[in-house]
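The block underneath contains the structure these notes are about, expressed in structure tokens.
Each chain carries a letter (A, B, C and D) given by its place in the written order, and its residues are counted from 1.
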Amino acid sequence: MARYDRTLIGLALAFALLMAANFLMPEWVRFIGLQTLARGAVALGLLVLWRTGLISFGHALYFGWGAYTAALLTRAGITDAFVLTVAATLSAGLLALLLGFLLRRYRAIFFALLNMAFSMILYGALVKTEALGSTDGFGVASPSYFGFAPEGEAVTTTLFAFSLTLTFVVVVGVHLYLRSTLGGLTLAIRENEIRVEYLGYSAERAIHIKYVISGLLAGFGGAVMAMAIGQVDPDSMALWTVSGEFVFITVLSGTGSVAATYVGALVFELIRTYAFEYAPHVWQLILGGSLLAIIMFLPEGLWSLRQRLARAKG
Amino acid sequence: MTRSSFAAQLLVAGALALAGTGPAAAKEQVVLAVPTFLTGAGAPAFGVPARNGVEVVVQAINDGTLPAPYDSKGFAGVPVQLEVYDESGGNTKQVTEFRNKVQKQNVDLFVGFTSSGTCQAVTPVAEELKALTIFAVCGTQRVFEELDTDPKYVFRTMSHATSDQVAAALYVKAKFPGVKGYTGLNQNYAWGQDSWRDFDLAMQVIAPEAKASEKLQWPKIFAGQYGAEVSALLLSEEELVHTSFWGGDLEAFIFQASPRGLFEKKKVLFTVAGTAVYRLGKKMPQGVVLGSRGPYGIFAAEKDDPLNKWFRQAYVDRFGTNPTGPSYQYAQGVLAAKFGYDKAAAANGGQFPSTEQVIAAMEGQKIPSFTTTVNLALNKGHQAITDHAYGVVKWDAEAGEPKMVDVVSFAAECVNPPDGVNSVDWIKGGMKGAKC
Amino acid sequence: MAAILEVDNLQKSFDGVVAAKDIHVSVEADEIIGIIGANGAGKTTFINMVTGYLAPSAGSIRFQGRDIRGLPPRRITQLGICRSFQVSQVFMSETVFDNLLTAFAIAEVGGLALLRPLFSAARADRVGTHLERYQIADYGDVIAANLPQGVRKLLDIAMATVRRPTLLLLDEPTSGISTEEKFELMDIIMAALKQDRTTVLFIEHDMEIVERYVGRVLAFYQGEIICDAPTAEAMRDPRVLEFVLGQEYHAGHRPSGARNA
Amino acid sequence: MQQLVVILVDGLVFSSYLFMVAVGLTIIFGVMKVLNVTHGSLYAFGAYLAAYLVGVYYEAGLPDAGGFLMLLLAPVIVGVVLGLILERGILRHLYLRDEHTIVLATFAAFLMLEDVIILIWGVDPYFAYQPVSLLGSSEIGGLAFDNYSLSLVFVAATVGAVCWYGLRRTKWGKLLMAVIYDREISQAMGINVTAVYIVTFVLGSILAALGGAYVAPTISVSPGIGVEVIVLAFAVVVTGGMGSIGGAMIGSLVVGIARAAAVHLLPEVELFVIYAIMAAVLAFRPEGLFAPAKARRI
């Protein structure tokens, strides 16, 4: 019981600190922060699935869906960040609900790859659609906040504050879900669906619920990313490699904690930024190399690192 | 890595960023960032020739060995530090990189960008961050016509893609007056879609008697296999084939179409094949029409201008191959930047100018370049119009290299809309005010 | 007294192979029924059909007067028919306590209630009493995977009964248990079930167990019920003697005897 | 009529290409239950080495026919060397981990190899057109087709036949099938699963590289050719049924002919054909056209 409370307190503290830091950090750091929040949200969704032993190699589907939903709304003249985010999140959740009826029947690698296949279909559709700028994508008007439209550096500061606040709500929500009975079912389902079924609950329904949650989170991440970048395009929103990055962040973070996901997302951003800055010709080599190193030497992800340190301290 | 060490990293990096944002006084060097494709499919066709072109020019600028009017050292006397970086990896990454370059690595200006999508993604950021950004290549006219209608920090030093297609249509009209029908083979992504749309529009105005095919080929970009497309083109009634293929797809298409006699059966019009013509050499099918997005690359081979002669020589000496379109286009962007800095410094009493002064010095100028004048005539003096040329490839046996014959050159004013007119509307409206 | 389970003319065949043929059974409340028969006689198939794991090819299954044929296992479970398994189906990597905690959680809540925390003091108490009832309280903190065979069996049955089922189907509760343990195990189970007056149907190979705990026997042979009678009577039934006990006394005793040696 | 013939020929050629590209992926998936993302890199390496060797070969002015041997030599070298490096160096350390971790590892390796290719061969494209020119062209349905592309059909058919025979009729194939059917049981039965995995991965790698090598003469071998292939191969494998060679064949034929038909009859949908077929299959038979329905625990 106490354990859970500590997580909540930790989250609240982190929230307060970051909110304060928002006004001190240089803009490029804040921008990395924004992307961390966006990708972290998707990874959090994958974490929820992973707790039942399922992983999706296609969540760029919901990420891109959310991003494009937000972008299309700004095209239609709706620029309120809150409306954009909620709409993107819900529409992605709805899509997940529909596909879930099919996907909930699959497990293990088949589940992962069927997701990937669906994300490719969205990618193909986007590239094909000239109205949506095909591979160029199109611009996203900078968001307003209940009528207030920031200028200059305030653009990112406000967006970060906004995203951070919603992220806090989302993370707490997911945390509460995970400690709930429904969330607790995850391990049971991972271990023995037959028993769960014979205790009177549908394992498939539990999985379906998780899938929808992961879809909602990915849509949320997509909206944040779209608003941060100011442009949506298939290659960086819906391509299969994007899904791969999300899985990487999830594995990098480990299933240990909801907070770890965001640390993982941040590490990912930093690796990429520095690889790109110091090795412009071989940045993929560095990126891939670090992925590989982490997979091989940190099987439990960063969280295990934290625990190891704790043990070391004694 | 642990949280604390992240914090450390962030603080350090943050400190760096803050430290950089000092006054521009006593400038020791101008940091010139050049984004272009160093990896991926864009690298051979665009990225590497472009980088090479820039390296040649920047070195000469720092040594002060360029011919007039660029014979002074550096930008406004300050040596240029070149930062070439990879343009591949998608817009999200490019926008992030752009911000990092400006805020973390204190880049003074950008010259480059090949992908239309990336240009569109970067434009608002450049304006937001007040970073001087000179687009050297990217084609789309949307940048200034839709996205950034009141540009301040963003320039483009070559005509946008519409002029490629207008010139192409004019060439068809001039050289194949009798053409009854034309079809298209274009990659199914923004560049291909826009290229066909503009060409088709221009043809409807310039050669209304010719009819566009009902069955246009839209292969996926990087598909690499075009057997079926070649068959379909061989079977089509239209005698003219328009294609905006580039890079590996272009070369693959040529390898797959040549043995099947497509280039003998049909008149094929390549709008951007200039990039491949030297590399393919003898394998380049004879008698095809091609353009290089302007009087660049092979079209500049015989252009007898001191600046151009110097560039070709320096480039060949250094890399052993001839400069292609992108080499010229990127180098041209650098020239424009030097022009702006030098002029602004002069106006500033020899003092190193602020970015805003450079912009003021560039807006609306006619900047001399290798084979054309970069006339910043459109969109409040930020969008250049440049000359254009199309011709037919012929293998010159004794010279041992390809040549352009039947070249038709087009004045910038002939293939570009007048200021204030949206290019697509301009074509639809019958290209009023074109001075040919 | 009214029958709670009525099975009429139940049929099942797996592409050609007949696993159940016109089975008629009527079970009354509070009965303790033993199902005997050689391996492959159709015993488990019968349980699987009653609990919705397999869909019958034909026939009807009525529980407390309502037709439950074709319902998914979870619905049937919710209606009050629970089962245990030949191979214990527990959450191997969790402790005995957590196994039951999860079991109670699923059994107790439906719909939005699922969003309440998994752990609650009240629920913990219920787990405690349940552990006591099956006399496995000492094992509360042991990971299921490390449990002795017999205890895991008990845990499996304990989990099957968290819903206080009206009808409980046990699939070979004593399989893999040595003879001397068997009786102890069955005593615990039966005692626990009596408290809830649960009607029990269980598959058993060991006739001593059957004779000791069961009032009525269903003997299966090649998918058919060849005998449905009070235990003593069934034990004398010629067909049972020929088709079931003939092997059963071997199947039932030799292995356990071997274990003793 | 003529059009029909041409569609069939184009379709067959493209199907063969798809099969060559997909077969390696599906074999590795079938046995190891791993989506091998490095498949694209292996394809690219095959293409590069083949193009390089062919170039060197004809530079040396050796007899024409020998150039084709290079197209077979290259994939063997790539498959054995790179395949072993990947399997021994990376994958084998991960077999005890979740399947998706292994997929992720191949994804990481793929990223690295993209740059390694550039480090080895630079960004300038390699051309190996000689084999195509040598074989000349012939006329079918009034159209010229280059014999090299036509020969692709026979190569693909041979590869398919050999794989089929190898799996159904040889001892190794039976072991493989056993492992495909149930890893644990076969281990218990004393099958050396490790050895099976090594052989499978090297085999799959050789096939991937063969795809690249055989296509090399018809394309411009340049950076990024591997990325597209992963997507294409994956689409085919999903359509046909993951892990089934028959599935890969059916998938290739369906996709290939459908695409050719689209190009000739309704070109504007070409890009979407592959995805559309995949979507349809997923909607109605998610386990693919060919693969047996996967047994589920409930």
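To be clear about the criterion, a contact is a pair of C-beta atoms (placed from the backbone, for glycine too) under 8 Å apart; a residue touches a chain by one contact, two chains touch by 3 or more.
Predicted, not measured: the structure shown is a model, and the values here were computed from it.
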item	value
Chains in simultaneous contact with subunit A and subunit D	B
Chain hops separating subunit D from subunit C, counting only touching neighbours	2
Furthest chain, CA centroid comparison against subunit D	C
Distance from the mean Cα position of subunit C to that of subunit B, given in whole angstrom	77
Subunit A and subunit B, separation of their C-alpha mean positions in angstrom	36
Whole-Å gap separating subunit A and subunit C, where each centre is the average of the chain's CA atoms	45
Multi-partner residues of subunit D (at least 2 other chains)	114-115, 118, 271, 298
Residues of subunit B touching at least two other chains	38-39, 188, 220
Touching two or more other chains - residue numbers and ranges from subunit A	127-128, 194, 197, 281, 283-284
Full enumeration of touching chain pairs	A-B, A-C, A-D, B-D
Interface residues, subunit A side, partner subunit C - complex	1, 176-177, 179-185, 187-188, 191-192, 194-202
Contacting residues of subunit A [partner subunit B, same complex]	25-29, 31-32, 35, 127-128, 130, 133-139, 142, 152, 155, 225, 229-231, 233, 235-237, 239, 263, 266-267, 270, 272-273, 276-277, 280-281, 283-284, 305-306, 309
Contact set on subunit C toward subunit A in their complex	51, 72-74, 77-78, 82-83, 85, 89-94, 102-103, 105-107, 109, 113-119, 159-160, 162-163
Touching residues on subunit A, where the partner in the complex is subunit D	53, 55, 57, 102, 105-110, 112-114, 116-118, 120-121, 124-125, 127-128, 193-194, 197, 203-204, 240-241, 244, 247-248, 251, 281-285, 287-289, 291-292, 295-296, 299
Touching residues (chain side subunit B, partner subunit A) in the complex	1-3, 6, 9-10, 13-14, 17-18, 38-39, 84-86, 89-93, 95-97, 99-100, 102-105, 116-117, 120-121, 124-125, 128, 140, 142, 147, 188-191, 193, 220-221
